[in-house]
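Have a look at the structure below, then the notes.
Note that the chains are named A, B, C and D in the order they appear, and that numbering of residues resets to 1 at the start of each chain.
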């Protein structure tokens, strides 16, 4: 009964969320934290999907929510990646964050 | 048999996620993250949510993977060794206890909720009037029209924010620095793009069209097009436009603006924002979906490639 | 018959798990990306088998999209050697493979 | 179509499915056991795509609808095309990542 209803996926989602949070707290590199945030998001989506499962298919509301969530997650991950790169580009030269007046090493 | 498949799949998902989060090398972490995205796509297939599986495979694994790989290689070129600082044992133990408690609580709550799509019983009677057979598209564009509209603006906002990170010096540069450097690889990528691009266009058009009756839709189609654009850009076939290019801005805005215009027209005619007039629902929803697919494709591709970068090699060459 | 396809899907999943072992061991990032590629191909196979087992033709669309986008991550990856080959030649230079 | 014909088709489909799974497993074993990146690549691109082809053929026969068979054929075609590209790209990237030379040097050595 536990397996039939998609609870396996929901519990997997819960564990994913926990793992992601732990990694987010423990890992200091921003790229790793981006990965962790994505895994937490995936866990939440999986909980929604698992609980929406029924013999006739998945709940269209949950599916629509998750699709919206996936697109927003990718937009924010890409923005996060761009920010991390920019921070690194500014960080290793002790300069103002405007790239114009950069000097060679 | 089906249950065994589900359990095996879930175990593999947990294992790949665990390795992606805790493996030492950053690149190995990203490789496992992409594999994790693929397995998640399978999980959505197993749950019977083909729409979500399409989105997860295309957006989650494809576009996010590219953005992370490119970010990693840029960080590497900037001299970041991507190594991780070890946090003190006490804080690790504390975090572990906190997260374990959180997980147990969450899993406990999840297990008390009986599964089933009670909402679809509410939705189902409302759908026949729409002329849209795919309930997910119906929900996305009819009941949650506001959400979908705002979401397209979130995508646009993320892109504007990413562009605003561009250093002033490279603001007028096209992002050409991302082309493959090995000439033979570039020839291979070019040849592949010539095969991929038409196929991706047809598949994207098909996904939008079929999206009104079967799984598919604007986001999935946009992600497929974005993937093709990314390969074309990396292969040097397509040069991404400068930030101030009019064509790029039109491509980015056509979807949200069409959506907004039709929504406002609905407000003018039907008395309510985003109310589709009777008999025209399907035409309007498909129009919106095609326009959205174009904007989503442009937005996702530009986000994945990232804003123009002053490459450290160039900076060094300038200094000498 | 649909049980047979389900079993096939499970066996392909197991072979994907074996490929993930290679992604874990490395040693180079090329090995890792190859393992990811194999997971991608395996996923397409599982999607086709699952579609046959459940008689859901929609899953073929997912397989189609997966094959179309299989090459995207690789093409982003192979762009990398420029930085790896030129900018850091010290023996203990930072490496993505660690 | 008589019942015998359908039974033959079913057996054929099962046999193809089993062979496909075998090729998948062979591909994974190759990826795990072969000593260096180029030979692993060879296991990955050849065995796996044959495995996918056989599984797809089995599914197409099982479904028995021309439209679905065409879509499955398309899936396999794309899989082959993209694996052809990725194999070339990865083969060129492999020596660089090993630290054993640039792609150009590798080309000279292997005489291609």
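As a convention for this text, a residue touches a chain if its C-beta (ideal position, glycine included) is under 8 Å from a C-beta of that chain, and two chains touch if they have at least 3 such contacts.
Quantities reported herein were computed from a predicted structural model and do not represent experimental measurements.
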Select, from A-B and B-D, the pair of chains that is joined by more C-beta pairs in contact.
A-B
Could you give the separation in Å between the centres of chain C and chain D, each centre being the mean of its C-alpha atoms?
12
Distance between chain centroids, defined by C-alpha means - chain A, chain C (Å)
20
CA centroid of chain B to CA centroid of chain D, Å:
27
Would you mind listing the residues of chain D that make contact with two or more other chains?
78, 82, 85, 89, 92-93, 103
Multi-partner residues of chain B (each touching 2 or more other chains):
26, 46, 48, 63, 70, 72, 79-80, 82-83, 182, 185, 189, 192, 196, 199
Between which chains is there touch?
A-B, B-C, B-D, C-D
Across the complex, what residues on chain B touch chain D?
182, 184-185, 188-189, 191-192, 195-196, 199
Touching residues of chain B toward chain A in the complex: what are they?
3, 6-7, 10, 13-14, 17-18, 20-22, 26, 29-30, 33, 36, 40, 43-44, 46-49, 51-52, 55-56, 59-60, 63-64, 67-68, 70-72, 74-75, 78-80, 82-85, 87, 91-92, 95-96, 98-100, 102-103, 106-107, 110-111, 113-120, 123, 135-136, 138-140, 144, 147-148, 151, 154-155, 158-159, 161-162, 165, 167-170, 217, 219, 296, 299-300, 303-304, 306-307, 309-310, 315-316, 318-320
Listed in rising order, the residues of chain C that touch chain D in the complex are 1, 4-5, 8, 11-12, 14-16, 18-19, 21-22, 28-31, 33-35, 37-38, 41-42, 44-45, 48-49, 51-52, 55, 57, 60, 63-64, 67-68, 70-71, 74-75, 77-78, 80-81, 84-85, 97
Interface with chain B, chain A side, in the complex: residues 2-23, 25-29, 31-32, 34-36, 38-39, 42, 45-47, 49-54, 56-64, 66-68, 70-79, 81-86, 88-89, 92, 98-100, 102-105
Footprint of chain C on chain D - complex, ascending:
10, 13-14, 17-18, 20-21, 24-25, 27-29, 31-32, 37, 40-41, 44, 48-49, 51-52, 55-56, 58-59, 62-63, 68, 71-72, 74-75, 78-79, 82-83, 85-86, 89-90, 92-94, 96-98, 102-103
